[in-house]
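Scrolling down, you'll hit the structures one after another.
What follows is a pair of complexes built around subunit A, which joins subunit B in one and subunit C in the other.
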Partner chain A sequence: MHIPDGFLSPQTYLPAAAIAFGAWAWAARGLRQSLDETLVPRLAMLTALAYGLGLIMLPIPGGTSGHALGVAMLALLFGLRLAFLAYSGVLLLQALLFGAGGLTALPINALAMGLAGSATALVTFRLLKPLHETTAVAVAAWLSVFVPGILVALALGLQPWIAAKPDGSPLFFPFGPEITLPAILVPHAFIGIGEAALTLLVWRYARMRKWVA
Partner chain B sequence: MRVWMLLLALGTTLAQAHEVHHRIEASGAVLVTLSYANGQPFAYEKYALTPAGQETPQQVGNTDAQGRIAFVPGSVEKWRLQATSADGHGVNLDFSAPSTQASSGAAATDLATPRWLLTVLGLSLIFGIFGLIQLLTRKRP
Partner chain C sequence: MGGMKPRHALYLYLAVLPAPTFVHDPVVLALGLLVALACAGAERWRILKKSLLAILAFNLSVSLGYIAVGLWRGDFRPDWLLVANLRVLLMVFLGFWFVARVNLLAALAGWPGATLVATLAIGQARSFDRLLRDFRCAFASRNIVKPRWTDRRHQTGAQAVALLDKAQAQSTEVALAMRSRGAFDA
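Now for the complex of A and B:
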C-alpha cells in the first residue's frame, strides 16, 4: 500500500505535506508528558514489530503481494498521537532503507495509514467495545487496513484527472479509481483478516500484562 | 488477359505494402528484471522506457511472466523506467544502461545492500531512537 515516488503529482503531495506537517506538529505536542519509563520500551517494541510487519511481503493471488500494517495495535495500545508519530517513523525508515514508499509520497502514506488507520481503529474500537471487546478489536484492525486502502486507491486513482498532458494522457499514475479501488481493496480485505488476528494476539497479551485498562 | 495480369501485379504490390516484415537476430540488449521484495516477479505490468531528458517513451509495454523488460539502448546511456501496477506498486527509476558489449555473457552484479542488513539497521535505529527518548524522559530521582 506504500505509494512510491513519481506516482503522485505535486498538486497532490504538496498540499498533503502541508496537512501532514500540521498533523505531526499536533501529534508531537505534549509528547514529553505522555511518555514515561514503562511506556517507551513497549512503544519501541511494537514500533519495531510494525516495521518488521511492513517488510514481510505475502504473495496474493493475482501476482501481486501485500503486507500487514500493525497500525491498529499501536493505536489501541498507545492512542492516536503516539501511533501516528510512531507509524510515520516506520514509513520513513521503510522509504529510506528499502524504497518501500517514496519520500514525496510519505505525507500521503502517513496520513492514510498512520493517521486515518489509527483514527479508524480507535473510533471503531470505542463504538464496538460495549458490545463485544474481541469483535471490537478484530473489526477495528480490519478497518485500519481497509480504510487506508480506500484513501490510497483514491489518491492514486485521481491522478489521471489531477495531472494530465494536453492530449489527456496521464502525467503520473495512469490508472483511474475504477481500477485502483478493486486492485487495492480486494487483496487488503484478506490482509485485514491477518491484521485482525495479529492485533487480537497483541491486544490479549497487553491485557494479560495489564498494559491496557 | 493483359488487363488481368496487370491487376494481379498491382494487387500483389498493394498487398505487400500492408505486410509487416520481421527479422530475428541475437543482438546486445539490456535486460531489466523487476520483482517484489519477496522475489515474486513483477509480471505482466505496464512500463515505459524513456531516454533521459525526453518526454516521449522509446519503448512501452508489459513486463513478461518473469517481470523482465528487454531493450536495445543504442547510443543512449541514461534512461528512465516507469513501471506501475494498478494496486500502486512500481518503480520510477533513473539508470545508466550498461555497455552491452562489455557485459555480454557476464553475470549481472547486484550492488544493493543485503535486505537483512537493512532490516537490522532499521531495527537498530528504532531501538536507538526510543532508547534516547527513554533517557531524555527519565525522571531524576
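Now for the complex of A and C:
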C-alpha cells in the first residue's frame, strides 16, 4: 500500500516527516544495546522477507498498491521499536532500488505501515492471546494490514481538501476518501487473509526454533 | 553527482527531491526533467526507461481512474494528468539517478544503525533471490512430468522452512563477521 512520490502535498509530508523523525529517534534509542549476534540474523532474515513481500504488488486505482506487509511478524517477534525501524528500512530500500513508494512519502508510509501496523498487531495479539494464540496471531496480522490501509486511504483521500487550486481542482491526489477508502480497503481485506496465513507460518517456525516462549 | 562524496550527494538529493512538489506548472516540470536528463550523462536513457517502467502500472491505474471519474462527473482536467505524471516521473528519475551514481551504503556510512540494517537487508534480499532460483531449478530437475498440486504444496512448505533456515545461517555468518569488525561494540 505504498504511496508513491508526487501524490502527497508538502502540507502533508512535511509535518509527517517531523513526526516520523521523532518516532525514529524514539525507536532507535537503545538500539545498539538491544542488537546482538543472536537477534540480528533473525531480524535481518525477516526484514528481507518483508522486503520481498512488499515488492509483489498490484496497483490499485485508489492511489496506492496492494501487497502483503510482513510487519506483524516483525512486531510479534521483535517488538514495536525494532519492527518500526526495520520496516522503515524496508520502505527506504524499496523506494530507492525499485521506485516503490518514495522518500517524500516515506514518513506517511512508515508511520502507517511500520508504526501503526506494528502497534495494531501487538495490541491485538496481547488482547487476544489469553483466549486463543493462533487466532490472536491471525487477527493481529489481518488488522496490521487493514488499519494502515485506513490511514493511507485517509492521507491520500484528504489531499483534494489539503492542497487545491483556487478553482477547487486538485494539486496532488485527485480522489477523495469516498473513493480511496473502498478502493484500498476492499483489496486489503483479502490481502490481510494472506498476511495472516504467512504470519502464522512464521510464528510457528519461530516457535519450532524456540525464538518465542 | 558523480564527483561528489556519497554523503554530499545524499544531502543534495534530499534537498532537490521535494522541489517538484512545489511546482504545479507542467512546462517547469518538463524543463526540470530535461535538465535532469541532460545532467544524468550516458546512463540517462537506461534510468529513464527504468523510471517509466517503475511508475507505469501505478500511474496508469491512477490516470485511467482519474479520466473515468472526471468524465463521469463532468470535471475532467487534462492539465492535472500532465502535472501529476511529470512530477512523479521526475521524482522517480531523481531517485534512480542518485542510486545509479552513489553507493547507498557509503552514503549511510556516518549512521551505524542505518548502515547495519541496510547491509543486512540488502545482503539478505540478494540471498533470498539466489536461494529461490536454486530451489526452483532443483524442483524442475526432479520432475520429469508435470508435478501434481500435492507435490507443489509439499515443495513450497519444505522450501519455505529451508529458506528461512538457510537465510538465518547466512545472516548469522554476516553478523559474526560484523562482530569481529566491532559492529556491536558500544
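The criterion applied here is as follows: the second predicted complex is superposed on the first by the 205 of 213 C-alpha atoms of A that agree within 3 Å, B and C clash if a C-alpha of one lies under 4 Å from a C-alpha of the other, contacts with A are read in each partner's own complex, and residues count from 1 in each chain.
Simple rule for what comes next: a contact is a pair of C-beta atoms (placed from the backbone, for glycine too) under 8 Å apart; a residue touches a chain by one contact, two chains touch by 3 or more.
In this text, all values refer to a predicted model and were calculated from it rather than measured experimentally.
Undergrad: Mind checking the superposed model to see whether subunit B and subunit C fit together on subunit A or clash?
TA: clash
Undergrad: Check the residue A:G89 against both partner chains and state whether it touches subunit B (first), subunit C (second), both, or neither.
TA: both
Undergrad: Using the superposition on chain A described above, determine whether A:S9 touches subunit B (first), subunit C (second), both, or neither.
TA: second
Undergrad: Name the chain, either subunit B or subunit C, that contacts more residues of subunit A.
TA: After superposition, C is the partner touching more of subunit A.
Undergrad: After superposition on the shared chain, which partner residues are touched by A:P187: those of subunit B (first), subunit C (second), both, or neither?
TA: first
Undergrad: Once chain A of both complexes is superposed, is A:V152 in touch with subunit B (first), subunit C (second), both, or neither?
TA: first
Undergrad: According to the stated criteria, A:L97 is in contact with first (subunit B), second (subunit C), both, or neither; which is it?
TA: Both partners, subunit B and subunit C.
Undergrad: Given the touch rule stated above, what does A:M1 touch, subunit B (first), subunit C (second), both, or neither?
TA: So A:M1 only meets subunit B here.
Undergrad: After superposition on the shared chain, which partner residues are touched by A:E37: those of subunit B (first), subunit C (second), both, or neither?
TA: both
Undergrad: Please write out, lowest number first, the residues of subunit A touched by both subunit B and subunit C across the two complexes.
TA: 4-7, 32, 35-37, 40-41, 43-44, 47-48, 51-52, 58-59, 63, 65, 89-90, 93, 97-98, 100, 102, 174-175, 179
Undergrad: Applying the document's contact rule, which stretches of subunit B touch subunit A when the two form their complex?
TA: 36-38, 40-41, 43-44, 46, 82, 84-92, 115, 118-119, 121-123, 125-127, 129-131, 133-134, 136-139
Undergrad: Contact residues on subunit C for subunit A in the complex?
TA: Residues 14, 17-18, 20-22, 24, 50-51, 54-55, 57-58, 60-62, 64-66, 69-70, 77, 80, 84, 87-88, 90-92, 95-96, 98-99, 104, 112-114, 116-118, 120-125, 127-128, 160-161, 164, 167-168, 170-172, 174-176, 178-179, 184, 186.
Undergrad: Across the complex, what residues on subunit A touch subunit C?
TA: Interface residues on the subunit A side: 4-10, 13, 28, 31-33, 35-37, 40-45, 47-49, 51-52, 58-63, 65, 85-86, 89-90, 92-93, 95-100, 102-104, 165, 169-172, 174-175, 179, 201-202, 205.
Undergrad: In the complex formed with subunit B, which residues of subunit A make contact?
TA: 1-7, 32, 35-37, 40-41, 43-44, 47-48, 51-52, 55, 57-59, 63-65, 89-90, 93-94, 97-98, 100, 102, 152-153, 156, 173-175, 179-180, 183-184, 187
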